Amino acid sequence: MESNQNKPRYGMVIDLDRCNGCGNCTLACAVENNIPPAQPEENERTGITWMRVYKVDNDKPYPENRAVYLPLTCHQCDHHTPCESVCPQKAVEYDTETGIVAQIPVRCLGCRYCMTACPYHARYFNWWDPEWLKGMETTLNPDVSTRMRGVVEKCNFCHGRLQAARAKAAVEGRRAIADSEYIPACAESCPTKAIYFGNLADANSEVSQLAKDKYSFRLLEQLGTEPKVYFRSEQPWVHQKMDTKLSAAAKENAHG
Amino acid sequence: MFPWVYGFSWTIGNIVFLGIFFSIVTIIGTTVLISLLRAYRAMQEHHAEAIRWESEFQDLPISVRRCRHVFTGEFKQRTCDNGFDCRSCATHAQLTQHKTTNSDDIEVPIHVYGFTMPMDRLYHRGHTWVMSEATGTYKVGLDDFAAHLIGTPDGIELPKLGTHVQVNGSAWCFKKGNSAVRFLSPLDGEVVATSDGSEGWYLKIQPQTKKIDTRHLLRGREVAGWLLREFERLQAKLVDPKIGVTLADGGTPVIDFIQSYPDRNWDTILGDVFLEA
Amino acid sequence: MNITRREILRFVGGSALGLLLTPIPWKALDDSAVWTQNWPWIPEPRRGDISFKLTTCSLCPAACGMRVRCVGNQPVSLSGIQTHPLSQGALCPMGIVAHHLRYHPARVSRPLRIIQKNGSSRSTAMTFDEALDDISFAMKDARVSSQTIAVVDGRPGRTASHLFRQFAAQVPYGRYISYSEVSLDVLGSMFEKPIGPLGYDLDHAQVIVSFGVPLCDCWGTPARTARYLGKKFEGKQKLLQIEAYRSRTSEMADRWIPIRPGTDAAFALGMAHVILKEKLSQAKSKDLSEFESIVSTFSPSVVAEVCGVSEDTIVETARVFSMSKPSVAVIDGLTNSREAQAAVMILNLLVGNVGWKGGVAVRREVPTGLADIKNTESINSNMYSIPDHSIRVMLIDESLSGCQLSDTLLQKKLAENGIVVSLSPFVTERPFCAQYVIPTPVFLESLTDLSSPHDSESSSMSISFPLVPSPTGVVDPIYFIQRLASAAGVVNIESGTMEELVKRRAGVLYGEKRGTVFNASTGQLSGVRNLLSTDDMWNALITGGCWIDSAEIVKSFPAFRLSAFLSKVDINKLQSGKNQLVLVPFIEKTVYSNSEISPLMSKVGQESGLRPFGCRAYLNPTTAEVIGIHEGCRIVLQTNKGSMEAEARYDASIMPGIVGVSNTTHPQNFIALCEMNDNAAICPTPVKIQKV
Amino acid sequence: MDKQYIARGVSRMSIKKFGLWMLPWSIMLILGAYAVYLCLIKGLNQTNMDNRFAFGLWIYLDLTVIALGAGAFFTGFLLYILKKKELKAVINSAVVIGFICYSGAVGVLMVDVGQPLRAWFTFWHPNVHSMLTEVTFCITCYLLVLAIEYVPVILKNRKIKQFSSMLVFEHELHKLIIVFAAVGTFLSFFHQGSLGGLYGVLIGRPFAFRPALGIWPTTFFLFIISAAAAGPCFILLTTALASKLSHKHLVTKEVYQMLGKISGSILIFYVLLKTIDTLIWINSTSPSLGFSAASFYKFSGFGTWIMFTEIVLCGLIPALILLNKKMRMHFAWLITAASLACVGIVINRFVMTIQTLALPTLPFDQFLSYVPSWQEVATFLAVLAYGMLVYSLSFRYLTLFPQERELESL
C-alpha cells in the first residue's frame, strides 16, 4: 500500500551467484522490444543487446580462474542522470513518476553524445536499419514500435509492459498498479530467478530488502548517479573486483 | 523553442538561453538589414561614385597617396587622408589662407623632362586638367604626361551628353591593349560636349554654379614638383632589370611608353598613375 | 473602391509574415517531424487483440510448459508457466525464441531430392508421391539384397515412435534405432534383461558427480538449475563437476575438478578402484573379479598422472560419492566414448544408486494404447550394435530436433548404396547425407506427444498442440510412415491422424487412473482418478498441462555385467593428447543442438560473445602467448581431418594446451576436424595452429 | 585570361599552373564526397565507430578544426575591439580560414549524426542544459556571422566591385563589421567553451570529468583560452605557408611577431591554468570518483608521456619561445613555436575525445582500440581538400593580404 502512496522507484537486484549466463534475459528482451537479429557484419561492439550478459572473471590464471555472469542493462540513474542532461534535444526523459529513464527514438538525431556519457555502456546505436526474416515481422510486439537506422535506444524496464499494466488497472478502476502486475521480460524469463524486480521506494518490497543486504552493491556507485540496479554476490573476489564498500571494509579490517 | 509551442517550458534556463539566442539573431539580422538599406539609399542618392573613390583611395599604395604639399616642400612626408579633396581639408585651408589664391601664378608653361604643362589650366591628381571657357563651360583633357604614357588609345568610352560627373568620379574611360583605365573627373557638372581628344580636350562640362571651387586642383609651381615625383615613380616602374635605363637625359620622352615598354606591368602602372586600385 | 494588384501583393506578403509570428507554422513543422518518424520500409508491428494460449515446448524432451502471447492468432512471444510441476516457468534460450523457427530460411515445404557430388550438394523439389515411390523402391531392393531398413528415432516413447516400431517390426530386416540419453542406454544394456526406461533423479540426489554434463546450462529441464541452486544454498545438494574447462556448470558447482580432456573414463575407473579397495561397494555382479582385474590398473597414482589431478582428489571424490546416499554419477552421452560412459555408469551400479530415489530412476513405460509389437527385442537396437555398412534405407525422424548421432557413426553404418530419408522441417548441411527430405511441421505447427525428461524421477507425458496451421506441402511424420507402410505392404500399422492417436493415448492414461495431471489454465495438480472425463485429461494436456506417473521403487533387478564395455579400455590409450595442443568441442546443448535455431540467437553469440560463437576458437592466454597469437587474430586450425579458419579468443577458464571450439553446426562445424573413436564419439584431437 | 578577376598590382601563377595545383585537392574532395554519400545512404555502419567508441575521428576533427579556426574571432576581436591596426594585414585571411574550419566542421557533423534530417530538432526541442545544444546554437550562428564577414572580402573582387551596388553594399557592410566582430567574439567564447564542456561534464567518464566553476566545468574555460592561444598561431602558420607556396611577402615581419607575441602570452596563461587543473584532477576529482589518476595511464601506448608532451613540450616550451623577443625575431623559431603550440592543442583535443573513450569505466572493461574506416578518413581528408580549394581560390581572386601590393611594389 505504502508503495502506492509515495511514487515508486522501480529497480533491480541481480544475484550474480544465481546467474548461469544462459542468455534468456537478452533474448526475452529482444523479443519484447522488437530488437532485430544481427546483420552478418555485426559484432559485440555494434550489436544491440539492451540486456547484455558479461562474463566477469577474477583475472587469475587457470585453474584458479573464477567467473560470474553479470547481466548489464540501463541502470536508470536517479540523480544527475548522465544521458538525460547531455541530450541536445530532450530525446531522453527521466520519468519522475517511476524513476525510469526513457529514450524517445523518434526524437533522437543520433549524435551519440548520450552513449559517451553513459558509464555503463547500456546505450545502443542502430548502425543498420533493422531487418527481419520474411514473415518474422509478424512476430513483432505491438506494444513497442520499431526503430530506424541512426538512432540510439536502450532498456526502459519494458515500458510497454508498464503501460499495459496501467491500462489494465485503469479498466478495473484502480489508480495504482500492484508490484506483481509489472515485471520486465528479462526478470520474467530468468530460469534461475537471479533477477529481482520491484519498487525500491517501498521499504518492505523484496528488492529494497535485498538492496540493503550487505552482499549487495552497485557498479560505479562513487559517481553518485544513484543507479537503480543492484548486484549481489557472496563471493569475496567479486566484491574486490568491483571494489565495493564490502571489500573496502574488508581491507580496513586487514589493516587495523 | 517558441513559447506556447509544443514542449516549451518557462524555466529560467530556457528563458535566458533562448533570450540570448534570439537577441543575437536579431542583432545579426538588423545589422545586415541596416547595411542593405543604407546601400539602397546610397544608390538612390547617387553616392556610388563617391563611395567607389573612397574605397579605391583606401586601397591605393601609400606612395600614390602623397599630400600635394609635399611637392611644394611644405611637408617632408605626408599621406593624404582626405581622398585628394582639398576643398574639405583643414590642413590645406591653413596652408593656403595667408596667400591669395593665385599669388604664385605664372603664365609660362612648365617643361619637365620634355613634358609641357601649360599654366592656363588647373591639374587634377589623376592627370586630367580643367580649362575655363568664355561660354562658362569648362574643357577637360589629359595632360602631356598622360598623353605620352598612353599614346594613341585603342578605344575611348566617353560619357553620354547630359550625364552628371563629379570630382574624383569616373569621367571617361580608355582601352589600350588588355588594360583599361578610367579618368577621374576634375570637377562637378554636366557633360555638354565630348570629343575624341583630337583637339586636345575630351569633355566640356557645365557646372551648376557660376563660381566653382577648384581648391583641390593643382596649380602653378606645385605642378612641377608633382610631375617630378610622378615621373620618378614611373621611371622606377619602367626600370629594366637588365640595363638600368634612365630617361633623365633631358631628351624628349618617347610618345608612347606602353608601346616602347610592352613587357612592363602596365595594368599596375596605369592604376598607380590614374589612381585606380 | 477598387483594389490594385500592388495592394493584393502587399496583403499576401503581410499576412505571410504575420503567420510566421503565430505558432501555427511551427506546430505544423513539429507535427510533420512526428509524421516522418520512421522509414516507410521498416515494418511496424501488427496490431490486434492480445490473448494468451498455452502449450508445451517440443524442442527437447524437457517438455516445458509454455505461455504463448498472441496478437490475433499470431504468436509473438513465449514465456514459461510458473505453476508447471516440471518446468516451473523456466525456458531455455532456444525455447524462448522458438516461435521464430517457422520463418527460418532453411525451412522446406516440399519434399526434396538431394544429390551429393564431391562435397557440394544440389537439391531438387519433388512431389510427395515421387518421394514415396523412390523410397519404397529402395525398400523392395533392400528385401532382395537382404539389407537393413532402419528407422532412427531420437525421441523414443512418443506415439510416433510406436508407429515407427510397428513399421520396423513388419518390414523385412527392419530395425528401430532409438537413442535419447545415450549414457542411460549404456547403463540399460549392462543388465541381462531390459529393466525399463531409465532416468536421472537429480532432484533428490545429495551428491551429483557430473563428468562434463552441462547440468546448469539447460541440460535436461531448464528449471533444474534453479532447483539445484536452491538446494545448494541450503546445503542439501552437492555438485562435483569434472571437466577440462570451467564451464557455466563448473562455476555453479560446489567443486570443480579440472581433468585432461578425454580422461573421464580413467577418472571414473580410478574412483571405482578406490571404491572397491575401500570396500565401499556392495554390488553383486557376475563378473566382479573380471572387473576388479581391469580396474586394478587404475590405481589413483596412475590415474592422477593421466588426468592431471592429485591422488587425494580421486580418493576424496570416490568417498564422497559412495558414502553420501543418495548420489548419482552422470556423463554426457554424445561427446564421450562408450568406455567413459560405461565407466561412469558402473559407479552408479557399484554404490547401488540404480533404482534408488535420488539415483538412477527406473520408470514405468507410458502406455500408448496402440497394438503391442511382438518381436520387440529383435527390432530394437542401438546404432552401435548395427553391423557396419549394412543399412540400405535409413529413415531419420528429425521433425522435433536434429539427429544427435554423429555423422561419422551414421555414415559408418550406411551401405554403399544406402539412402537416407530425413523427416525434417529444415534443410541444411544436416541432414548431412540425406538423399530425401520430407518436410515436417515445426514447433507451434505440429501436434505431438512428448515423453519424459531425462532428469526426472518418474515418467511423464505432455502434448505439444499446434497454435498455427502448417504451410501446405508439409506432412506429419506419422502420415509419411503410414503411407510408406501401405506402399511397402505393411499390414497392421496404426491408422488415423496424430490427433486421434494421441487422444486415444490420453484416454488410456485416463483409464489407468494412475499418476497426476497438471492443468496449466487453473494451475492445479490433481490425481487422474479425480478427473471427471477423458476430455478433462485431454483438454488439460493440450493446453500446456502434463501427466506425471507416480514414482515407484523397483525392488529387484536382473543381473548385470560391469565389464561389458571395458574389454578395450587401456590406461595407456587414454594418455593420448598429453603434452600437445588438442582440439576440444564445448558442449553447448542449449544453443547448438543439431537443429536449427532462431536468428535472434545472434544476441547471445555473435552480438555479445556470451556463448561460443561459430567460427571462434578459445585458448588459454598462456597457451596463446606461447604460440604467439594475440586476441582476435585469424588462425587456421589443422588436424589430420582437415583445416578450418577461426578467430582466436583468449579465455582463462580453459585448460592450457586446449583449443576450445563450439560444437555448433552454425555456421561452421568444427566437429568435422575432430577424430572419432571406434564408436564414433568425439575425442580430443591433436591440432596445429597457424596465423592467417 | 582570368586577369580581370585578379586584384591590380599583385601577380598570380598562370591559370594552367593553378589548375594543376587544384587538381589533386579536387580529386581528394570527390573521393570524400563519395565516402559521405556511402555514409548517408547506407548509414554509419560504413564507419568503424561502435557502441563503445560512439565518437570517433570526426568529432575529434570537429574539436580540433574549431579550435584552430578560433583565429578568426580572436583576430577580429583584437583588430576591431582592441584596435590592433596591424592585424588588418591578416584579418581577411583569418576570416576565410575561420569560415573554412567552421563550415567544414558543421559539414562533417551533419554526416556524423545518424539522422541528419532531424538535425533541426535540436533547435526545436532544445535541452538548454546540454553542452551540445550550446555548441549547436553558437556554431550555427557563428557560421552565419563568418559567412557575413566573408561577403565583403568577396565583393571586393576586382570584377565584382565594378558593379556599384556590390561595392556600395560592401562599403556599408564593412562600416558595421565591428558589430559582427563583437557578436562573433561572444559566440566563439561560448561554443569554444561548451566544446570543452562537452567532455568536462561527463560524470560517467572520470578521465574527462572536471568540477564545475559556476555552471561550467573547468574544461569550458581551458578550451576558450587554449583556442585563443592556438588561433593566432594557426593564422601565423597559414600565412607563412601561403607566402612560402606563393613565393611572396604577404605581411610584414611585425605582423608575424605580433601574432606570435599575443599567442605566446595567452599560451603561458593557459599552461598555468591547465597545470593547476590537472593537479586538482589528479589529487581530488579523479580519486573522489573512485579512480586513481594513475590507473588511466597504465595502458600500453597511452602513458603519462602524452600529458607531458601536451603540457610541457607543446605548451610551456612554445610559450617561452614566443615570449622571448630574441627568439621571436628569429623566423625559424617563431614557426617552430607556433607549430608546437598548435600540435599541443591538437593533442589536447585528441586526449579529450579519443583517449577518454578508449579508457575503461566499469571494473571489468577492457582498454579499447579504434581504427577509423576509409570512409571516415576520406571524409576527414575531404575537409582538408575543401579548405585548400576555398583558400586557394580566395587567395587568387580576393585580397586576403592588403599589404601584399605594397610589399610587391617595393
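To keep things simple, chains are lettered A, B, C and D as they appear, and every chain counts its residues starting from 1.
Note that in this section a residue touches a chain if its C-beta (ideal position, glycine included) is under 8 Å from a C-beta of that chain, and two chains touch if they have at least 3 such contacts.
Quick caveat, the model's predicted, so the values are computed rather than measured.
Between the interfaces B-C and B-D, more contacting C-beta pairs are found at B-D. Here the chain at the heart of the shown protein, by mean C-alpha position, is A.
Look at where the CA atoms of chain B average out and do the same for chain C: the two points lie 99 Å apart. Between the CA-based centres of chain C and chain D the separation comes to 61 Å, rounded to the whole angstrom. The mean-CA centres of chain A and chain D are about 40 angstrom from one another, to the nearest whole unit. Among the residues of chain D, those in touch with two or more other chains are 118, 121, 124-126, 129, 133. Counting only residues that touch two or more partner chains, chain A has 43, 47, 54, 90, 129, 148-149. Shared interface positions of chain C, i.e. residues touching 2 or more other chains, are given as 30.
On the chain C side of its complex with chain B, the touching residues are 23, 26-27, 30. Considering their complex, residues 39, 41, 43, 45-47, 54, 56, 70, 72, 80, 82, 85-91, 107-113, 115-121, 123-129, 148-152, 219-225, 241-243 of chain A touch chain D. Across the interface of their complex, chain C is touched by residues 1-2, 4-7 of chain B.
Residue ranges of chain C in contact with chain A, taken from their complex: 34, 37-39, 41-48, 50, 71, 74-80, 89-93, 96-97, 99-100, 102-105, 216-218, 222-223, 225-226, 229, 233, 246, 248-249, 251-252, 256, 258, 590-591, 598-604, 606-611, 620-622, 652-656. Here chain B touches chain D in the complex through residues 1, 7, 11, 13-14, 16-18, 21, 24-25, 27-28, 31-32, 34-36, 38-39, 42-43, 47-49, 51-52, 54-55, 59, 61-63, 178, 265, 267-268, 271-272, 276-277, going by the rule given at the top.
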